[in-house]
């Protein structure tokens, strides 16, 4: 693949005596949606955090646009064009929606000493982006801490989509979303992929993954189980891999095969 | 219904100038799973928080086992036999899994001045309950803050199931769970319902709701859209109600009708 | 010989830094190995512990100030019982003998306050305030008490914190709200005396009599130029110097004076102030 | 993508009066306290307290405290404390005194050097906090002791044995910059006002208020700039984010470390500014300057509505907090109460002021 | 339900040495500081510092501080501060002095009454904090001023105008309970040990160590009880939960309000205990007793690893923290350093001790 944006090779990550990642290899190309799947605690979040500069890998190399690179902070990764929706959302509850939306990348107006945070423009962009995702905010200065779970998650997604220049990483972005918002997010993924952005999508929902994914990598207990293209695998096989090969409890019948 | 455990009538809740609930009526009987559905920000979490004693309703009455009642704290609700998995989980990140599991209801041994927290028994119960849900903890004294998102959610669910004597309220319990854990939770709901416990289940996943729900109540913008029995409604109808009647984005084809 | 000094005032307090300079000078002059110690704040419990620590080292002589005989008594008695010669200085003249202390060098705080009060009354003061920057410090409270008794007119105590700006504002407030106040006694020259003069100047009240305990170069300048009445000098350099010198001599030759040494009070008025300024700037007076 | 039919009006929002909107701003809560305290003294204190000269009198210490308090508030919003600012006043005062008296430097050099020295200490504090991950409470506590100790040693060294270094005023006689850092501003205006009777005068006709003490102007300036920075610039957003959750902020691309170090430098420089103003004013400096001021600065910030946990507060709040504190400390002297009750009174008034503006705010905004 | 095949051994956990496990406990980190400080003084101080009598000497202030520090640590773990404990020492001392001297009550009455008075003030503090939702910092700050002011007024009233009340020792002469609250324990044992030469004596033959000062025993007792409560009882779990996130704790059924009020009562009573011990020991009390102790108690807790944000820390940590602080403050007098450098030294040692145990802990546990 000539258009690989980011390539991670043999990533290991230890927390004290806990081995969270034990050699994971992964890449994402422009214009594709690469799904990262796996059981709870498999290491997905830890992995994407090394990709977005939050954690330094204990071992392994990162190649960004062909050059070896190591992000020393999330800001570096962001400036390289990587935007992330973290599983814990990285929101400040006491701050307003707009301030959270633009945190770290505030639009300014004016010049020199008068260069200031362009609050009006920011409010407008923020309301508009949220509306695109299916949430009508009451006011852009509502504190994020008083938003509902789904509203909050939508802020994080809208923010990442707005700033995701080259790679967009989404860690379980639809977990708290309603049906309408979920379908908006999935179609947004489709749209940005069309614009040549590489998307890393983490989900526990096989159906969501199958709906937008081009490739699927499954992690299990800190290691890669393998990568498959969309046409090489079925929902059922994927679900089996995600469960780490262990049996599922009954009830499946009424769920129609996939959870 | 003679076996109604809790009945909430005309519940309103205002936060300053925000109207979160505008007259919601809801009840749950023993041995049933009553699903509470609705769009993001519809007021589901706010509603169940009034049910579990966290918020005092601005207006409206609560009848518990036939007697009018008002919980003055979550502890009261808990002592009445209501256990809740909150959407934000109500976990203390710095504390160990076991300590979180038993927070507020610690098992003791010994007597009088020597009455003490029975740490060993607690650890054992906690590990065992987590295992039942499909999570093998490394150690019961790991801090909850270092657990993965799904692991953490599982602790909250296992705790509520363990202590839910009469009513079990689950606010989007499966949002961060893997397929294996999800199927465990769904089958757990089925099991406790069989034991005569009333379950309130909030979800955005129509399929999960259909899989375990007996009745479905849909909230929209702080008001009840209506309640339906399982055999009175189809998935598609339900999903339509949950989206608040608004159109969904495309992509549905590949999702096979339900999100 | 080893001599340890335990005092209740801190090394960064202008008054006590002069005492400490006296201690050091005596150490240099006699060749004794001296150490000056004090608790971090006016704290009798901590001071007792410091005396205990000193006693444990069994020095050849111990110098203490005794602002609270009840609290420090046991520790001092322990030193005496251990055979360590003890001299008290600064405060405690009335109780020293009873504790087995050999002699006392200093001035009674109460008497000094009283002397100041009498002098201010004789200069025509009719209503006074006593500005206390550390209320609850018994040594300072005694000064105000003495002042009130010696002045024999109405005296109000103004408590303040150790901040010159606040002292200045409070003195202004006191003068502003009660024009009858015409006499101010400060309990520290740089912390109270100087701001008090500034406050009176700002209000154009040249008639106010201002006196202060202890010396500072700035306050002495005010005295010499007539903006303040006088400063009360305990000559605390002596309180540091003499006991150390006595104990050093005692260790070497067994010498010891036969009675207490009064180091003050000495009122520094306009004529004397000029010559004292330089010495004060060097931390000797 | 979704229907834009719903306009901005929302059936789930009750309409809100202007007063409510106003009271929701935390900084304005502290104003309630100021009003309460003013009313109290208006009724109990001597009338001279609220004359122009009386007001200047309690505003001067309030301004000195407020300069520190506003800086402390910004640092606290950024999630950290600085306990060394009190000692920093003594330290910066010592540096400034030595530069002007012993080295004879003019203000144009002495002031930048003093501010620079303070800023570098602040940078060291910040760097230690960030490198070690220790709470700033304990790191700057060490700074509290160390700086105070160094000031003592330095003063003794440069004054030849005394803990006081004097002669600053003489050394700066005629310095062109002295007007900005000491004395009173608008002097001619005030003497004009006095001559036409708009300002009280002494019996001899001189104006009772020679001008506005410069620290008050600095105080107001700092409050305005700090408010602007906090609310209207990207950096302000970073400060709130850093204090709200430094992990989340860092994950969102906020340069958390730089923000924190800059804030430590800012508080240190605010302390140095207070030191410069007070040292020129008094003409001398000593080792006890600024004693306990770190504490009062934090009090000021908290009265003004800052949360100790960070991420919430305002500079305007600290501004009013300083005025409340200044008014209460000085005010009792204007009353006829027994001065022994000073501390009881101070504590009681502080509590009352804070509780009062809390009650008002809750009543008005309908929170629980 | 799921396979139980996986045994407890997990391929994703590296094995861990005993040392690592040990060092992971935060409280033991503070031990590193104690060791460092000990080594330092062992090399620089007079050899008498680590004799039995020297040890008792620095342990006495450490114990008095530690009693406060452990209580403050528990309160801090519970998410609150109490700035009024320093003043509470003066207040409780005043009450105790008045009860014994002016009213002539025996200890069996005076002590419960004093503790009761302190506890009710603590309860008031706690109730105000909970009712108003104000930060405890500001509420107890008001308490700091009020209690100190009341002590001053009370002392003046009952001592006839002085700020000092004397004669407690005489009033309690022969009281049977006095042994528990003052002086030294195991006196006969120690004089026996001295007579056989196991304990150092003065030149004149008297034992240098009359016994173990009772405060040290109280200190150890309190540390043990507090540790037991925190780690081994439901209440301990509630305290951690309350401080960690009072919302989440309350939602999980922890009686957050009761926990907080009890902790405020506890700290107040700890201060009263220190007051009783020191007043009997000194035989007098004055209005400045306990000045700044609130501050030192918080320092102690923080050195011992408590987080200011609550929810984390230990009583054992505070125990070692108090020993570090006591050793550093008294230790300097055993060395030849000039007293002028005392504060520089104190600050430096504190920072060093804290940084050191932090570095050690990180190195050992492999955290970053």
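Labels A, B, C, D and E are assigned to the chains in the order they are written; within every chain, residues are numbered from 1.
Assume contacts are C-beta pairs under 8 Å (C-beta built on N, C-alpha and C of every residue); 3 or more make two chains touch, one makes a residue touch a chain.
Protein identities per chain, from UniProt: A, B = ATP-binding cassette domain-containing protein; D, E = Xylose transport system permease protein XylH.
Computed from a prediction, not measured in an experiment: that's the story for all the values here.
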Statement: Contacting chain B as well as chain C are chains D, E
Message: If you average the CA coordinates per chain, which chain's centre is most distant from that of chain D?
response: B
Query: Measuring centre to centre, with centres taken as mean CA positions, what chain is farthest from chain A?
result: C
Field: Euclidean distance of C-alpha centroids - chain B vs chain E, Å
entry: 43
- prompt: How many angstrom lie between the CA centroids of chain A and chain C, rounded to a whole number?
  reply: 71
Query: When the centre of a chain is set as the mean of its C-alpha atoms, what distance in Å lies between chain C and chain E?
result: 33
Message: Could you pull out the residues of chain D that touch at least 2 other chains?
response: 1-2, 12-13, 148, 152, 156, 340, 342-343
Query: Tell me, which residues of chain B touch at least two other chains?
result: 15, 18, 88, 134, 138, 180, 184, 187, 246, 249
- request: Indicate the residues of chain C shared as contacts by at least two other chains.
  value: 11-12, 135
Query: For this entry, which pairs of chains touch?
result: A-B, A-D, A-E, B-D, B-E, C-D, C-E, D-E
- prompt: Once bound in the complex, which stretches of chain C touch chain E?
  reply: 11-12, 20, 35-38, 40-46, 48-50, 52-54, 56-58, 68, 70-71, 73-74, 81-83, 134-138, 141, 145
Query: Once bound in the complex, which stretches of chain D touch chain B?
result: 1-3, 11-16, 20, 365-368
- prompt: Tell me, which parts of chain B touch chain D in their complex?
  reply: 14-20, 22, 56, 221-222, 246-247, 249
Query: Any idea which chain E residues touch chain D in the complex?
result: 128, 132-135, 137-139, 141-150, 152-153, 156, 298-299, 302-303, 307-309, 340-348, 350-351, 354-355, 358-359
- request: Sort out for me which residues of chain E touch chain C in the complex.
  value: 46, 48, 51, 53-54, 57-58, 60-61, 64, 90, 148, 152, 161-164, 166-169, 202-204, 206, 208, 278, 281-284, 286-289, 291-292, 329-330, 333-334, 336, 339-340, 342-343
